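Encoded as structure tokens, the structure appears first; notes follow it.
Naming follows writing order (A, B and C), and every chain is counted from residue 1.
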Amino acid sequence: MRKVKKLVFILLLTVLLTSCWDENIYEKVGYILNVGIERSEDNKMLISLTNPVVGIQQQGEVEMITTTANSLREARENGRLISPKNLGGGKIQHILLSCDMAEGGIHNLLEVFQRDPINPALAIIVVVDGSPKELIEKSLNFGDKPRSAYYISQLLENNIRNGYIPETRIYNFDIAYFAPGLDPITPMIKLEPNGIRIIGTALFSGDKMVGRIDTRKSSLLLAAMNQLRNPTFFIDNYFDEDLEVEFYTAALLRSVKRKLDIKIVENRPVINMELIFDVTLDEYRWDRTDEKVTQMAIEDAIVKGMKEDYKQLFNYMQKIGSDPLGIGDKVRAKYNNYWQSVEWNEAYKVAEINIDVEVVIKQYGVIK
Amino acid sequence: MIEEVGRMLDHKHQITSRQLFVFIIAVQIGIGILTLPSILVQIAGHDAWISIIMGGIISSFILVIIMLLLKRYKDKSILEINSVLYGKHIGGILNILIIVYSFVAAILGIRIFTNVIKVSTLKLTPPTVLTFFILIPTIYLIWYGLKAICRFVNILLVIYSLVIIFLLLIYKDFRFTFLMPVGGSGIKPITMAIIPSLFGFLGIELVAIIYPNITDKENAMKYALAANLFTMVFFLIVTIFTTGFYGEVMLKQLEYPLFSISRSYKAPIVERIDLFFVAFWFPAMASSLRNYLFSSFYSINEVFNIKKRGKVLFIFYIVAVLVSRIPKDQAHTNQFLEILNLLGIGIMGYLCISYLFSFVNKRGVGIK
Amino acid sequence: MGKRNREKTESGMINNENEISKSLKESLLRIEEAFKDCPDLIKRKVFLNNSTEGCILYLKGIVNIDLVQRDFINPILSLKEENLTDITILGSVSASNVDCYYDFSSIITDILSGFAVFLIDGRPFAVVCKLDKYEIRSIQEPETEKNVRGPHEGFRETIESNMATLRRKIKNNNLKFKLIKVGTTMNQTVSIAYIEDIADMNLLEELNNKIEGINYDGLIPIGYIEQFITDFKLSPFPQYLATERPDKAVAGLLEGRFVIMQEGTPVVLIAPVSFFSFFQALDDYSTNWMAGSLIRTIRLLGAMLAIFLPALYIAITSFHYFMVPLDLLVPLAESRAKVPFSPIVEALILEVTLEMLREASIRLPTYIGISIGVVGGLVIGQAAVAAGIVSDLFIIIVAVTAIASFIIPSYDMGLAIRFIRFIFILSSAVFGIVGVVVSTIMLIAHLVVLESLGQPYFQPVVPLRIKDLKDVMVRVPLELLRKRPDQGNPNNDRRGR
């Protein structure tokens, strides 16, 4: 036994003395935070990576590497050929895709995030209206904004919390892509002269982007998906002729109750959806808002506006064949025989979708 | 130290029925559950959970038969029963078969454990060194015997509940429609999936080896059945959650769904918790293989009547590490695993046949 | 005393060599031979009734000579010739602690233990009387185990006064002391205190055998005994709770535990104890139960921090960079950027410095100790960061770790945790989080295997004793603590009637 102990001891000692194989010392790693992907010539992708430069003198500096590559991993390896740091993808916050990439299908492109567990499945997928490279480049020099990746990440996070864009991380995207009768959606951003702007939501069919909607419709879509956060909804109020300004009513959408009823009538799906919103009246005009009559009028106006929006939204989605609501999934679960008998993409386009909206003003602030 | 400890080790294998409960849970839950949902879904689709319930019921029946067999022979383990029931030579061969089975099961467990670590955290560390390192606590506990092992695995109950709590954290991405329509996959695939679901319940055959060490045998049956039921409920929860989270199509693509699911939760502050999740699951995996390793070591001691336990254990340790490197790669390991699982079912069947045979050959029945 | 005397007498009968000779001269010669070069042995010859010669022997400095003169020698001297039999002498001496021996070796040990021995010519026995007077220090509160609301007294170096302290606190004849002699050269007395109707007699037997089995020349502090009787010598954890506080010893006794006291040391050992006993202080019980629970939880948390924090830091900074939160990413990298060493070297530098500092401050007197604090604070806190040897974040981690390990009430447990921390640091430096996990499993496995006097060390948690869990992380109100914990295997586990 003493020999055994000695052997074990020697073994442990050798383990301690040999270098540590997987060691990846923190300050020597360059953590990629932004990834921008767009198409380039000669069948390649133009991929832009950024990582924050850390040093005593360097405050707020960001290193940006742009390279053409045939895969994301190749881009990282190319980056390692340039960067002083050992680039690693473990902290990627968001993936910025150009519209043409998204329209071509991104499912296999993003596979590396699921295959290699060091990469995060939590990165947010964002479609950029314009060139991601340009967006990242410009974002490095916004004087009044934080470091590029932090800026974009905070921007997205806040707007997700406010309910203007969906929270689409890689795993959400993959799940929605794989599930039959369910399509992913992603946020969309756009470069402006002195900042980046959230412009709405990109709609996908399968893994291909097929359409886009603005933030107003995005928040309504999220409500219909039962993922309402706290967006504010605007509707016409009055037109001030002296100022020549159109004033809007603002209502904070607090919560929504959704009743979804799916039927098959004459071999055609009929979807009846009822949405009951609880809202807080945030901005209106001096009026007796505590009275039932006034409240009813406001509620009616909001309902009318919403219904109109929903109608446009669903007509658009049916036209482009995108089903982020998972109506197909529900049909598959409920009417499996019917589901197997039809081609859903076609059936969806001719489905009848009726939306009924009800709005209840729960609070109107501290003036009557 | 050996002489000092020797006196205390007189009762080192004695356990109560309650400890048998955790022993069985620890063998069953651990390594199997990593791949089980994915394997079952490949056969039975989203109805995999029904197969698990059926597998649980069937395995409970097998467990009852095994316990009845052991009860018939009072204080004997299967190793002694074999030589009584089948005669010295055939019994000896069967004993060696049992030893080989439990040893190979342990080896494959070690291999899968190492694979998981390599895939999830340490890509480049030499696997042999890693295996040596991760087996240190296992060998330590085996040296101190069954009682120490059973006391240790109590800790796992905390880990299982942490996993359940974690699954509850991601409830908002859970879709019931992914589990519907119930029974939609058809009866044939569901029944086909019972066999692989039984693989998950493998481990109850080890009771036959350690049975004589139970102090209150009258409760053993009750606790063993409860353990099997516990495992079934745990499998059920994990399978339902992974199916409802990923949907069957995506789940089929995943190697270790339970780990993938941990990558899909954005925790406050630390963001990614997958590493902690994996770290928490390590003890569960180690316990599963430890119980097999212990059973084979214990059987060797019983069959060959070994005096120098320390030396044999050390040789056993080295052999186990080296043998675990034999499978060439992940796919090769899985092939071995398939054969082993069938062998495990075979062992269960053989125990059931032994019970029937004990009515024919009544030698040694009921004698203390 | 009487019983012991009889045993000794019988053994003396058997062995002639050991008998006291009738001739005083012969006896004195033998004693002188035994006490060669012992100038502190005083022999004073006296004559009884002017004819019979007698001799009184004692060691200077440990015998209260005034009392011996008054209560021992004077009564004997006044006895008549015919009354000089053992029974009459014993009856007529007014001192309380008088005995009569027939064997020679007992005389030697008794002289050494502070007895005055009286030999009479022509009589084959010796009359001994214990009227000792040691110089002992006054009762003080133990420096290392202060408390707020408990009694401020501590044990002292003499076993008699310590036994008396316990006796004064527990006025019950069931409080027993079992005396054992240890130390082949030093001849020390060890006493095991227990309460007869609570403690488990099998454990007493086991403990007794263990202590009697010690074969060593001298046991200087009680740590010697502890090390000789521990079952798991390869364990860093203390398996016996050392304390200087009588109240802690009493609390142990009431839970059916044993208190081992040794001549010459104010520290006593309590056994069997569980891992969690080392995190309990008497103040937890003497104050409000909610506050007590909070403090105790913080102590356990502190122990966990002290073990895991540096190891996790190393694992994350040298292996798993992606576990750092986004907002900490850049600040951490900035603090690490100017450090030329890898995290493990950084950690070892700082941890070793800290341990040196701590070790230095124990030995140094208080007034120099303060300057050590200044040097440590300046060197570690400021200069090391400025010079770029360590990162400031790690300084914080080390500081938190140090504070966390200071709040553990037991010095032994603190030592164990400091030791374990280094193992964790090293294994996390090689295997990252896997190293931390494997070390944790090993730690738990070890705690589960460990036993204190044959009782499971990790008791109320594993094996699970739900009723005892009330006194681990939380300390429930005393009314709910009506059962004694299972650890001591008590005979009757109800506290109170």
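Definition applied: a residue touches a chain if its C-beta (ideal position, glycine included) is under 8 Å from a C-beta of that chain, and two chains touch if they have at least 3 such contacts.
Since we're looking at a predicted model, the values are computed, not measured.
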| Compared with chain B, which chain's mean CA position is the farthest off? | C
| message | Between B-C and A-C, which chain pair is linked by the larger number of C-beta contacts? | response | B-C
| field | Whole-Å gap between the CA centroids of chain A and chain B | value | 41
| note | chain B to chain C, mean C-alpha position gap in Å, rounds to 45
| task | Please compute the C-alpha centroid of chain A, do the same for chain C, then give the distance between them in whole Å. | result | 65
| remark: Among chain C residues, those touching two or more other chains are 319, 322, 326, 431-432
| Where chain B touches two or more other chains, by residue | 121-122, 125, 133, 271-272
| Numbers and ranges of chain A residues touching at least 2 other chains | 15, 22, 120
| remark: Seen from chain A, its contact residues with chain C in the complex are 15-16, 20, 22-27, 29, 31, 33, 52, 54-56, 88, 90-91, 93, 118, 120, 147, 150, 153
| chain C to chain A touching residues, read off their complex | 316-319, 321-322, 324, 326, 329-330, 332-334, 336-339, 342-343, 426, 429-432
| So in the complex, which bits of chain B are touching chain C? | 1, 4-5, 8, 117, 121-122, 125, 130, 133-134, 136-137, 140-141, 144, 148, 151-152, 154-155, 269-272, 275, 278-279, 282-283, 286
| field | Footprint of chain B on chain C - complex, ascending | value | 231-234, 319-320, 322-323, 325-326, 427, 431-438, 441-442, 444-446, 448-449, 451, 454, 456, 458, 461-464
| note | Interface with chain B, chain A side, in the complex: residues 1, 4, 7, 11, 15, 21-22, 114, 117, 120-122, 169, 171-172, 174-175, 178-180, 182, 326, 329-330, 332-334, 336
